[in-house]
Every structure is written in structure tokens, then in C-alpha cells.
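Both of the next two complexes hold chain A, though its partner changes from chain B to chain C.
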Partner chain A sequence: MAKFEKANSVEEWLDQRLAINKVKKVMAYEYWIPKDINFLWAMGMILAMTFGVLTISGIFLLMYYKPDVNLAFDSVNYTIMSEVGYGWLWRHMHGVAASLVFLIIYIHMFTGIYYGSYKKGREMIWLSGMLLFVTFSAEAFSGYMLPWGQMSYWAGMVITNLFSAGSLELNGLVEWIRGDYVPGDAFLTRFFMLHVLLLPLVIMGVIGLHFASLRIPHVNNQEGEDFDFDEEAEKYKAGKKKESKVIPFQPVFLSKDVFVMGVFMIFYFYLVFYHYQFALDPVNFDPADGLKTPAHIYPEWYFLWSYEILRPFSKDIGLVAFGFAQVAFFLLPFLDKSPNTKPAHKRGKAFVAWFWIMIVDMIVLTVMGKVPPVSPFNEIGLVAALVFIGLFVALPIITKKEKAV
Partner chain B sequence: MNEERRDFLGKALGGVAGIGGIAALYAAKRSWDPLPSVKAAGFTTIDLSAAEENVLHVDKWRGKPIFVLKKSADMEPNDRDIVIGEDRFHVSIGLCTHLGCIPAYLPGEEKFKCACHGGEFDTSGQQTFGPPPSPLVVPPFKIDGTKVVLGEAGPEYEQMKSAGITA
Partner chain C sequence: MREFKILAVVVFFSLVTYWGVEPFAHSQMHKHVEGDNFQYSDLEDSGKVGDAQRGANTFMSAGCIGCHSVESQGMAAPMDPVMAAGAYGVNPPDLSTAGALYDEKFLAELIKNPAHALNVEHKFDPAKGKVHPMPGFYGLGGDRDQEVADIVAYLKSIAPAEVEPKQAFQDACGRCHEMRYADWTQIGETPKFDSKQESLKHQLKVANYQDKLKDYMGKTPPDLSMMIRSRSEHFLSTFIEDPQSQLPGTSMPRVGLTEEGKDKVLAYMTEIGDPSKEKREAVGPWVIGFFVLFTILAYFWKKSMWRDLH
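== the complex of A and B ==
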């Protein structure tokens, strides 16, 4: 057994038993972040904080929500919204944060793509991040079922039908997922379980993996500069703070990070208090009815782009294209054959064009996913879906030709 | 320490834990299966004598909408029709075969149109436009006078099934 001496403070007492000073050093005070970064590098902590906001608001909703097809709708729209003190606040916070978290995820993703932060040893950062995107998507979908309104029911119907895999007609699998012929009580209760327990556990685990994957390759910087972190850390510790290319996570990096988080929070609460409607679809204020499809079914804005890739094709081809869209971004580190870990504007015209066409295409897909399926939107959507697939086919070719800079 | 013995113990432990794990997975799979009560509540009887021509009647079977359309003389007869005396009826599960939305019936144009992705079906439930890969599904039925019992497969249904004109 280790020798314990009388501690002179609570901190010392804890340090003897838990090595808290060592933990603080490793996790924060001597966790080194490059200096040459901008506000886009704050998105990760914003996401972590938003996940915290979702967890806390979710805990309060959980206390009054009833996962039963006869009770769910009223427990949300009556009990929580008008009986529970400040119940409306938790619901609006939860809904708005669920929507914004995807906006920040997309910014975070495209920052990574622009600066080449998925290359040369950073592949696991990208892959674990994409895994988070998928689990967050499942979390959002399962949460969307819970108010048991018309959009909940019909989104549940359409998305679970995807698992019949088109002409393979795997109806048994679909009924197994639902626990019924149609989304019903078993379906609601199991998606409730997924939403409040299993998926949050998975998300927390993958967040841990995502953070761990940053340790060895370190955070990328604005120029993609490759330097020795240990050397730069020594300089900083020796007092040559100006010369050193790194800063400690706490307190230096966080001080600016917290500023960006503050700006985000102002924007977030502005939406929560004044513009929460965008996150609460009016159709979902009609109770679920299995005998009436809403005139127009569309997912929340953050799923529209991939929904639009499904839509313009025949059933089987649409499913294959949709499946491709879901995994395409996972492949990025392996499709990008360029030797450069540099920001897009330093990598040559071809990659810059690829990047901006991708952004514009995803915006077009998003808009087309929202409008009714009629001409000319169908045709525009088809072209945009083909462009999306084409961009991933073109990526290895254009990056292979890229000159080393 | 005897390496061989440790090896054996490791394999034995792994084997027992593996079998337990597989058994647990099977139990988990079975827990997600539709409950017997859900499966048992699966029969609906519809009286067709009340139907009017070119007016869609929607019923419910196993939580799914059922389309009942009495065909008028100008609508093309089809092998998928349920024939009772002189009258022909189109009876199908009212879920689009693309992704399961409920198509709306447009009596003027005499067709079904799905709002989700624009798929269309004629009055026999055959897909005529858009992404639906197959006709509307005819549910298992048994004719009983002027009534049909859904959920039970009668000879007329078996015949359709063996002819491959319904899924």
C-alpha cells in the first residue's frame, strides 16, 4: 500500500488518493493546442456543451413524458407544455438544441474537410466524428418519434420501411424493428428506450473515443503545419510563450473558446425564446393517425439532403444512392489521395472547386428535399443527387493529380 | 504456473461465456418480436354490398389502411379484382409500395396519387408513375357472401398469390 501522509488541504487529500493534479495537467493545463487557429476550432466544444444542454433539458422532459401511444401526445403537448412549471422552456430548449447541434456538426465537418483535418494520422478523428454524426442522427430520429404526432408516426413508418431493402422485401425485419405491423406501442416504447438510454450511452462512449483520437495526431492548424508538439510545449513551459506554436487547453485555449461559446449561447437562447417554431413542425401538433398521411412528408432540415438523394430515383436505385450518401463521408480520408495536408485554398483550384461545389450541392439538395415532388424540382433534385455521387467518384482522380506543396 | 492449464481454462471460460452471449442475443432478438397479442388481433370483416362506384372506402386491418373501391363499368377489369356477382372491387393495403405513405384517391382522374414521392396507381392498384416498384398489395382475403374477411386466405386469394399478381 502507498504511504499516506497527513494532508494540509482538501486538494492535497484528493491528490494523494486520485492524483488530481496529474489528471488536470494531462487533460487541461498541459494539453497542447496549436496557436494558429480561428473561431471554427471552437465548434467541438460548442458541440460538447450543446450535448450537455440536451442532456439536462432531456432529464426534465423525462420526468413527465409518458411512452405510451395513448398518453404520449398529451404528456408532451398538454402536461409538459401547459402544466409543468417552465416545462415549455425545457421542450423548446431541447427542440432548438437538437436542430442547432446539426448546424454545428455540419460546420465542424466542413471545417475539417476544408483544412484537411482527416489526413495523415488524423483518420481516426474523422471516422469517430462520422460515427458521432450517425449516432446523433439516430438519436434525433428516435427523439422525433416521442411526441407521437403525425410527423412522428409517418417519419417512423417511412424510415423503418427503408429496412425492407427495396425489392428484397424484408418485411419480417421491418415488423421486427417495429414490434408490430405498423408503428405502435411497442415501437414507441423501444424508441423511447433508445432515445433516453442506449443511444446517449453510445454517444458518450464515442465522444470519449473522438477526444482520445486527437491525442496522438493533435489538433490541426490553419496552415496544416506539421511541427513537434513536445518541442513547442517545452518552449511554452520555459516562458517563451510568444515563440511557441502551442498554447495550453486550459486556461488559454478555453478563454477564447468560451467567448465563441458565449456568442453561440446568445444566438441559441434568442432562438429558444423568440424563434423556437422552426424546430417544432406544425404538422406534428396533430396526434398520430395511421389512416391519414399528411399531404407532404419531409424530415427535419438536417436530413433533407440525404432524403433528396433517395427521392428522385426508382425504389431500389434510390435506396442504394441513399445508402451511399450515408457512408460516403466516412470514406473521405481514403478517397483523398493528395499528399498535402493543407487548407483547400493552398491545395490548388481543383480541390477548392470540389469543396465549394459540394457545399452548394448540399444546399440545393436540402432545398429540393423540402419542396413538393413536382417538376421542375424533381429534375433539379435528380441532377443535384447525381452531382453528389459524381463528386465522390471524382475526388480520388482530382486529388491524385494534385501537386505537393 | 502451467501455461497449458491456463490456456485450457481460458478457452473453457471463453466457450461458456460465448454460448451464454449467443443465448442472450437470441433472447434479445425474441424480446423485440411482435407480441402474440399483436399478431392475434389480425382479422377484419368488410361488407362490400354498401360500397358505391368510384368512391373510395378506407377500412383498417392490422393497423394499416385498407382501400375498397367499387369499380364502375368504364374501369378496366383486372385479375386482382375481387368479383362478387356482377360487381368488381379493388381491395388493397392502402400503403404506397415505395415507402409506405397512404396514397390519396382522385375520383375525377380515377387514380391513386402518393403525396410523398409522387407515385401513382390506377384503379386496379397497378403502379403507373414514379418510384413505386410494385402494385398495391392485396391483403389475404376470404369471400363470405357479400363480405370479405381480411387476414384469412381463401381460394381466390391463393389463386392470385400463385399467379404472382400480389406480393
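== the complex of A and C ==
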């Protein structure tokens, strides 16, 4: 057993037992971040905070929510919205944060792609991030079931149907997932469990992995500059702060993050109080009715692009394309054959074009995924879906030709 | 400067996406219906000026109270709601507030030709042997338009000057639609019962009424508790003005509300379905104000932290 001396303060007492000073040093005061960054580098902390907001608002909602097909709708729309003090606020905060978290995830992802932050030792950052994207998607979908409105029911029906795998007609699998022939009580209670227990646990675990994956390759910087972090850290510690290319996480990096968070919170609460409709679909304020299909069934905006990759094709091809869309971004570090870890504008015209075409194409897919499937939207959607697939096929070719800079 | 350029790019693409999935997509999903500003311009105006006193007599002679109650004038309903629904499909309305809630032209046409005023001629076609349960008024032998104008004048004379939103909703919508978040069923507000037997008896009455209503309408009309959030205000306005404009073929009749009457109905639906509206508007500025202050302080913190870095 280690030798313990009498501690003179609580801090010292804790330090003897938990080495809190070492932890603080490693995790915060001497966790080094590049200095040459812009506000896009704050998206990670914004995501962490938004996840916190979702967790806290979720806990409050959980106190009154009832996972039962006969009670769920009213527990949300009457009990929480009318009877519980500030229940409406927690619900609007939860709904808007769930939508915004995806906006920030997409910004975070495309920041990573633009600056090449998935390359050369940073593959695990990218892969764990994509894993978070997938678990957040599952979390969003399962949460969307809970108010048991028309869109909960019908989106649940459509998405679980995908597991029949087209012509393979794996109806048994679909029934097994639903716990019933159609979405019902068993369906609702299992998605409730996933939403409030299993998936949040997985998310927390993967967030830990995502943070850990940053340790060895370090955070990328605005110019893709490769430098020795230990050397730069020594300079900083020696007081040569101007010269050093790094800053400590706490308090320097965090001070910038907190400012960006403040700006984000103003925007977020503006949406919560005055502009929440985009996140709380009106159709879901009609109670679930298995005998009445809504005129338009569409997922939330953040799933629309992949939904549109499914929609314009015939059943089986659509499913294959959809499956491809789900894994395509995982493959990015391995499809990008470029020797450069540089921001897109330094990598030559081909990759810059690839990046912006990808952004525009994803937006086109997103919009086409929501509008009714009629001409010319069908044709635009089909072209956009083919472009999406084409971009991933073209990526190894254009990046292989890239000259080292 | 560079940060602002990046921010502009991020904001631009976010707004384009927002525009695409919200205003643009919704404009493609819902057909645009122009309202008629509650003018009921398809209905004729006879131009006759009614006399309320004469109207009171005409009203009695025309036999209106054979089916309708006018409780404010001490005229009780001839049947209870369940029995009335059995006879007519739906409980005929009490006419105490009709003069205040409904358009004059609409009332006149309703008295003369109910199926036409209610816009349900697709459902009630005498040629196919289907007549509207309310018979048209054929007149007492004089000038029918004058007699109708007199009845309308009478209804307006007995109507209260101000109808509360709740009353407007109950009178205009409540005989077909439930509003469970306000304890409202088609046969009235659900009272508190002392015994389970009484409560079950009441539930049975409601179920019996709804059964008749379902036979009459083709399906049970939806509960309106959350309609204010599941439909846009524009949809509700144009739908109330003329259900056929938004849902061609629906068996819901045009109810003939004046614009003011419609506003009251929507106000009540907001009170029940979106009760946090006022609180949102009251709390919003404080929360946003807090974060503006927070952000200003954070900005100075950041400035001080980064001062000696460049």
C-alpha cells in the first residue's frame, strides 16, 4: 500500500488518492491544441454541450413520459405541454437540440473533410466520429417514435420495413424488430428502452473513444501543418507563447470555445422560443393511426439525403444504394489516396471541386428527399443520387493523381 | 476576417438547406388555397332588410323549434343529444348564439337550402333519394326572402353581443368534434361523477352518440385538441371557411362562421392545444438576454486569454 501523509487541504487529500493534479494536467492544462485554428474547431465542444442539453432535458421529460401506445401521445402533448411547469420548454429544447445537433454534426464532418483531418494517423478520429453519427441517428430515430404521433408510427413502419431487404422478403426479421406485425406497444416500449438507456450508453462510450482517438495524432490545424507537439509545448511552458504553435486546452482553447458556445446558445434559444416548427413536425401532432396513411411521409431533415438515395431507384437497387450511402463516409480515409494532409484549397482544383460538388449534391438530395416524388423532382433526385455514388467512385482516382504539396 | 468568411459560407449553406426543406418543400406538398376572406361570395344576398319582431313570429311559425333549442330564450331542446343524433345523424344546434357567430348571407341560404349553404350537395342529392336532415324553408305564403331576412334579424337580435371563444368553439364545432384536452365530448363538457356507475352511464351515452355520428359522417370526426399545432393557421382558416377547398369530398359541412367567429374558434383551439404560447413569448427574451450577456463576457475572456499569443 502506498504511503499516505496527512493532507493539509481537500485538494491535497484528493490528490493523494486520485492524483487529481496529474489528471487536470493531462486532461486540461497541458492538453495541447494547435493555435492556428478557426471557430469550426469549436464544433466538437458545441456537440458535447448539445448532448448535455439533450441529456438533461431528456431526464426531465422522462419523469412524465409514458411509454404506452394508449398514453404516450397524451403524456407528451397534454401532461408535458399543458400541465407540467415549464414542460413545454423542456420539450421544445429537446426537440430543437435534437435537430440542431445534426446541423453541427454535418458542419463538424465537412470541416474534417475540408481540412483533411481523417488522414495520416487520424483515421480512428474519423471512424469513431462516424460511429457517433450512426448512433446519434439511431438515437434520433428511436426518440422520434416516442410521441406516438402519425409520423412516429409511419416513419417507424417505413424504416423497419427496410429490414425486409427488398426481394429477400425477410418479413420474419421485420416482425422480430417490431415485436409485432405492425408497430404497436411492443415496438414503442423497445424503442423507448433504446432511446433512454442503451443508445445513450453507447453514445457516451463512443464519445470517450472519440476523445481518446485525438490523443496520439493530435488535433489538426488550419494549414495542415505538421509539427512536433512536445517541442511546441515546451516553448509554451517556457513562456514563449507567441512563438509556440500550441495552446493548452484549459483555459486558452476553452475560452474561445465558450465564446462560440455563447453565440450558438443565442441562436439555439431563438429557435426554441420563436422558430421551433422545423424541428417539431406538425404531422406528428396528429395521434398515430394505423388506418390512415399521411399524405406525405418523410424523415426529419437530417436523414433526407440518404432517404433520397433510396427513393429514386427500384426496390432492390435502391436498398443497395441506401446501404452504400450509410457506409460511404466511413470509407473516406481509405478512398482518399492523396499524399497531402492539407486543407482542400491547397490540394489542387480536383479535390476542391469534389468537396463543393459533394456539399451541393447533399443539399440537393436533402431537398429532393422531402418534396413529393413527381417530375422533375424524381429526375433531379436520381441524378443527385448517381452523382453521390459517382463522387465516391471518383475519389480514389482524383486523389491518386494529386501532386504532393 | 477569415473567420467571418467561413461563417458566411456555413450560414449560406445552412439557410439554403433550410429554405429547401421548409418553405420550398412545403409549398410543393400542399396545394395553395386562396381564402375568400369569409365573404361567402358564392351565396346570394337578397338585399331584404329583416325585422326582428316579425322574425320572432316567423321563427315560431316556421317550426324551427321542432328540432332546435334556443336556450337563451327558454326554448328547450325537444330531444336529448343521443336521441337527436339517432333521428338526424347529429344533434341539431342550439340557436342562441347563431346570429352572432354565423354570416348573415350564410344563415339566409341555410334556412332556404341547407345542403347548398353547407356545401354538402355531393352528399345529399335528392335525386338519389338523399336529403339533408334539415328541411329547407318553403315560406309562409308571403315573400320568402323577406321572411328569411326576418328570421335572420330575429336570430341576430337575440344573440349575445360578445361570444366567448370557448362558447364559439362549442357551438360551431362541438357537436361533431371532441376536444379531450378540455374534457369536451360531442354531448357537452364531461361533469365530475361521484360514482363509477354514473361515469359509465355517461361514457355509454357518448359512445352511442359517436356511433350515430359516425354513421352520419362516414367516420368519427377527429378530436381537435392538438389541431392548432398539426395544421397551419392558414390551413385551418381556409378549411373552416370551406372544407371542400382543402379536402374535396369531405363530409364536413361549411359552418358559415364570420371571420370574427373563426378567430374565436382558433383562439380557443390555441388556448387548449398550445397553452404555452404566452409563456414562450414572456420567457424567451430573458433566456436570450442571458446568453447575449454570457457571450459578451465570454468574448472578453477569450480576448484576455489570447492577448499575448499573437
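Keep this in mind: the second predicted complex is superposed on the first by the 405 of 405 C-alpha atoms of A that agree within 3 Å, B and C clash if a C-alpha of one lies under 4 Å from a C-alpha of the other, contacts with A are read in each partner's own complex, and residues count from 1 in each chain.
Just so it is clear, a residue touches a chain if its C-beta (ideal position, glycine included) is under 8 Å from a C-beta of that chain, and two chains touch if they have at least 3 such contacts.
What you see is a predicted model, and the numbers here were worked out from it, not measured in a lab.
Between chain B and chain C, more residues of chain A are touched by C. Contact with neither chain B nor chain C is seen for A:K22 once the two complexes are overlaid on the shared chain.
Of the two partner chains, chain C is the only one touched by A:F273; chain B is not. Shared-chain residue A:K315: touches chain B; no touch with chain C. Within the superposed three-chain model, A:N77 lies in touch with chain C and out of touch with chain B [touch as defined at top]. In the superposition on chain A, A:A295 makes contact with both chain B and chain C. In the superposed model, A:K400 lies in contact with neither chain B nor chain C. Contacts of A:K349 after superposition: neither chain B nor chain C is touched. Judged by the document's definition of touching, chain A residues 295-296, 372 lie at the interface with chain B and also at the interface with chain C. Partner chain A is touched in their complex by these residues of chain C: 2-3, 6-7, 10, 13-14, 16-18, 20-22, 24-25, 28-29, 180-181, 222-223, 225-227, 229-232, 275-276, 279-281, 283-284, 287-288, 291-292, 294-295, 298-299, 301-302, 304-306, 308-310. In the complex of the two chains, the chain B residues touching chain A come out as 29, 32-35, 38, 58, 60, 62-65, 97-102, 104, 115-118, 131-133, 167. On the chain A side of its complex with chain C, the touching residues are 35, 38-40, 74, 77-78, 81-82, 88-89, 92, 103, 107, 241-242, 247, 251-252, 255-256, 258-259, 261-263, 265-266, 269-270, 272-274, 277-278, 280, 282-287, 295-296, 301, 304, 359, 363, 366-367, 370-372, 377. By the touch criterion given at the top, residues 154, 157-158, 161-162, 166-167, 169, 175-182, 184, 186, 190, 290-297, 311, 313-316, 318, 372-374, 378 of chain A touch chain B in their complex.
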